[in-house]
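I'd like to ask you about the structure that follows.
The chains carry the letters A, B, C and D, assigned in the order they are written, with residues numbered from 1 in each.
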Amino acid sequence: MRTFRLVISCPDRVGIVAKVSNFLASHNGWITEASHHSDNLSGWFFMRHEIRADSLPFGIEAFREAFAPIAEEFSMDWRITDTAQKKRVVLMASRESHCLADLLHRWHSDELDCEISCVISNHDDLRSMVEWHGIPYYHVPVNPQDKEPAFAEVSRLVKYHDAEVVVLARYMQILPPELCREFAHKVINIHHSFLPSFVGAKPYHQASLRGVKLIGATCHYVTEELDAGPIIEQDVVRVSHSDSIEDMVRFGRDVEKMVLARGLRYHLEDRVLVHGNKTVVF
Amino acid sequence: MRTFRLVISCPDRVGIVAKVSNFLASHNGWITEASHHSDNLSGWFFMRHEIRADSLPFGIEAFREAFAPIAEEFSMDWRITDTAQKKRVVLMASRESHCLADLLHRWHSDELDCEISCVISNHDDLRSMVEWHGIPYYHVPVNPQDKEPAFAEVSRLVKYHDAEVVVLARYMQILPPELCREFAHKVINIHHSFLPSFVGAKPYHQASLRGVKLIGATCHYVTEELDAGPIIEQDVVRVSHSDSIEDMVRFGRDVEKMVLARGLRYHLEDRVLVHGNKTVVF
Amino acid sequence: MRTFRLVISCPDRVGIVAKVSNFLASHNGWITEASHHSDNLSGWFFMRHEIRADSLPFGIEAFREAFAPIAEEFSMDWRITDTAQKKRVVLMASRESHCLADLLHRWHSDELDCEISCVISNHDDLRSMVEWHGIPYYHVPVNPQDKEPAFAEVSRLVKYHDAEVVVLARYMQILPPELCREFAHKVINIHHSFLPSFVGAKPYHQASLRGVKLIGATCHYVTEELDAGPIIEQDVVRVSHSDSIEDMVRFGRDVEKMVLARGLRYHLEDRVLVHGNKTVVF
Amino acid sequence: MRTFRLVISCPDRVGIVAKVSNFLASHNGWITEASHHSDNLSGWFFMRHEIRADSLPFGIEAFREAFAPIAEEFSMDWRITDTAQKKRVVLMASRESHCLADLLHRWHSDELDCEISCVISNHDDLRSMVEWHGIPYYHVPVNPQDKEPAFAEVSRLVKYHDAEVVVLARYMQILPPELCREFAHKVINIHHSFLPSFVGAKPYHQASLRGVKLIGATCHYVTEELDAGPIIEQDVVRVSHSDSIEDMVRFGRDVEKMVLARGLRYHLEDRVLVHGNKTVVF
């Protein structure tokens, strides 16, 4: 069922819901899902509607025009998307395949509603798996002495494919600040720890050293500060003294791929609203 | 902060949200929480608003009158409650104290927003614990040969205290059908299994025999059919071959008290909407 | 690291551990993992040792001979396995690919320590995915009017490949009783509910009708009675009123594949000891 | 059933299990529970046996003497305890009662096998609750300008009651280093975050600021470095954008009391073996 998704953030005040729902009702809009959140601390209001496209008398462009005055009146940061327009996704990976294979299978079996434009990797190991899915594979090696050319090529490819989302599916390179800024709130990473614990390299080793009883994974938007961007989704799994670091890595893989798949899905369904360094996930 | 809670179920159609939010906005109502759900299968619509009482120009009676025409127009099953009016709760227990002690402590520490009118038990064991909290304790023994007088007394006490909710906090007697009908959707039970598995007596023994790897608890409204009423909340905990039935009982106690406390809280906050044999929990 | 796994069940009595650990110590056996369980109800004792193969002065055959007298003395049901001998696994599936793809990826990335001899399916849909992994694919259609020839062919293939384990990775046919008996404790199924709730067909529909707040999956050995065999592993995921049956099916897929992968892993590592209709999972 | 618990840590080498189980078998010891762990990284071996006291021909003193040569041979760090000797516990709290009430109820209902010698608090608020249980209550106010006299009094009370365990059940003062050293591995704290995230004050505020999607609690031994001691147990609960800091505090209370109760139980049952800054929990 084709729907439009109307996603709004604005300063909170009386009458927003009435105005928006009146607008929708006056055009006979059939709302299939509605979510609201008032944040008391920030005084900000968040809202997401999913509306049957065939219940409305106009298309997305006319919707945009008709809604613009309301958006202006309430100083809304807003967008409307059309589920008929699949989002274009670029996946990036290195050598470990678990997150990439998981996302590819979800896409292949129509669980993940998007286009996968291409996969970019700093290694050539996963080419055959990707190409079996009929997806272009770009091997862009990163020279540790001079990473700049590689990231210029990554930037070129992302733009060439007109990607709306870039997913770092265990891509083991740190994106340069320019790229983080250029694609702000568009790059989704999976970090293999329960952030803010164990930022940076080898989090399972850090977790083992600290003797924690649960390990986790965190899906977040990439920002210039390492592993510090807005968190979309997290989960954990229980470990014990009998689990070696190798066991933790193995358990962790399952958490990583689940958390990344959920986080990406929320993003693709326009469920994630970023405000400051936090997210509202409807 | 005092709020009014407007809780609505009705057949789904275009314009409900607009009508309700317009009504609220036209009276300057400050919505602190709003939840909606359209059930595709049943074609039913559910809605809950929490509104700051001090933002409205009238009290709850005037609200009721003003809103009645809208309710009629949309054939709403609805109620409005005032958080300044604490709900009156009757707790019932037998010998095991974990659920009762847990609820009493939550009430005593102001976590549970209600009045506890009294505790009724078929044993006298828990009197001192209850009376320490300053709550009346009624010992109503149940004669296995003739249970009718006991349940007549229970019914009398519930009515005498004008209870809006009766909580069976591990009360080990089955309520007679008349009581179930009389207090429909007002009696909350905690069953010590993950329903619909292990209905009836000794669920942990049944679970041990079947060799399940998780055990659970279910909070539900009591209906005439044993352990078959609408489910409010459930949870589980992992067990293994090394856990004896006694261990399961012990683990189970923690799940029971958590699930019951959450379920009761949802009910007290008017978050539970019953439709057929299912619940919407906002 | 190559290890031998010594797995024992026997009537409980004093001295078993001493006898076994003496035997191992007298041959200089380096124990890397040891697990014991005394079941009070059944009076049965269970034990599993993992021993470095290179610490022992003999191979598995000589071990078997040397240990036989002890096994006889204590009436042990026992086996010893060598991690250098990968178990041969036959996978069976129908049209849904999530469990199959998950197991294939774990095998492909060396997480699952086994040989996958072949995949048998009653449909031809998943051939390409399987053959990309270099694994033979047998399409054995099942005629609803006469299922016997299909199951005769399945039996022939399992024997031809000398399979030690058959995994029903969402194979949507019920195995005939003869096959269940023939391959007792060798056929692992994933059922898409938290057993014993929702036995049989369409468990997610049953779960939705009952209004449960958690759904689950169960990995178990197949026996003649449908969905009633010894449970190896289970897990659940939270759902709410806002989740449609389609959502439940989607959430369920993730639980199913995790639970099946864990259950199969336990089996491959000789961690599962069946006693009556229950399992000990070390 | 009265048991002896034999708890051992020592450098790993061949023959430890054989020696210990031979010793037990030669005295006809009936082992009801046995756990082993070899830590590859540290080369250390850990072992715990629970043995029926009535199966042995001698008491705990004679056991100690008889076992001493084996302990010496393998350089064991070891202890044997008798379940007939309940451990003496001192509880400490401040104003918040949830952890204290939970532990008192578990003790009162015979779930927690220990003596509670007394409760020490820097406030007088919880006196009545404690005294209802028949337990002495000491109000030891802490002068922020000069905390030394208060902690001298705490130390005196702990020694006077000959406490084997001190539990900080949301005691909101930091113990001075001398006390941490004096009672090393004897003071158990509950920290209201999933350590190592959010060390120190107001962890729920820190969690809210960071926008995490799960919050947790950690039970650990107190060491001189704040919130950095060996972790015994941890758990988490899911939160969302719609949960205020007050909601987090409320959810957190339930996790805190469960995690503390489990951690304390493991300690009382001699299941926790500390090695460096990590624990083995059998």
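Everything below uses one rule, namely that contacts are C-beta pairs under 8 Å (C-beta built on N, C-alpha and C of every residue); 3 or more make two chains touch, one makes a residue touch a chain.
Nothing here was measured: the structure is a model prediction, and the numbers come from that model.
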{"item": "Cα superposition of chain A on its sequence copy chain D - rotation in ° rounded to nearest 5", "value": "180"}
{"item": "Maximum centroid distance from chain D, chain identifier (CA atoms)", "value": "A"}
{"item": "Copy pair chain C, chain D: interface residue numbering same or different (half cut)", "value": "same"}
{"item": "Matching chain pair for A-B (criterion: over half of the contact pairs shared, by residue number), options B-C, C-D or A-D", "value": "C-D"}
{"item": "Chain A and chain D, separation of their C-alpha mean positions in angstrom", "value": "41"}
{"item": "Distance between chain centroids, defined by C-alpha means - chain B, chain D (Å)", "value": "36"}
{"item": "For chain B, residues that touch 2 or more chains besides their own", "value": "33, 242"}
{"item": "Interfacial residue positions of chain B with respect to chain D in the complex", "value": "33, 97-98, 101-102, 105, 109, 111, 132, 242, 250, 253-254, 258, 261"}
{"item": "Contacting residues of chain A [partner chain B, same complex]", "value": "14-15, 17-19, 21-22, 24-26, 28-36, 38, 55"}
{"item": "Contact footprint of chain B on chain C as seen in their complex", "value": "37, 39-41, 46, 194-198, 210-214, 216, 230-236, 240-242, 244, 277-281"}
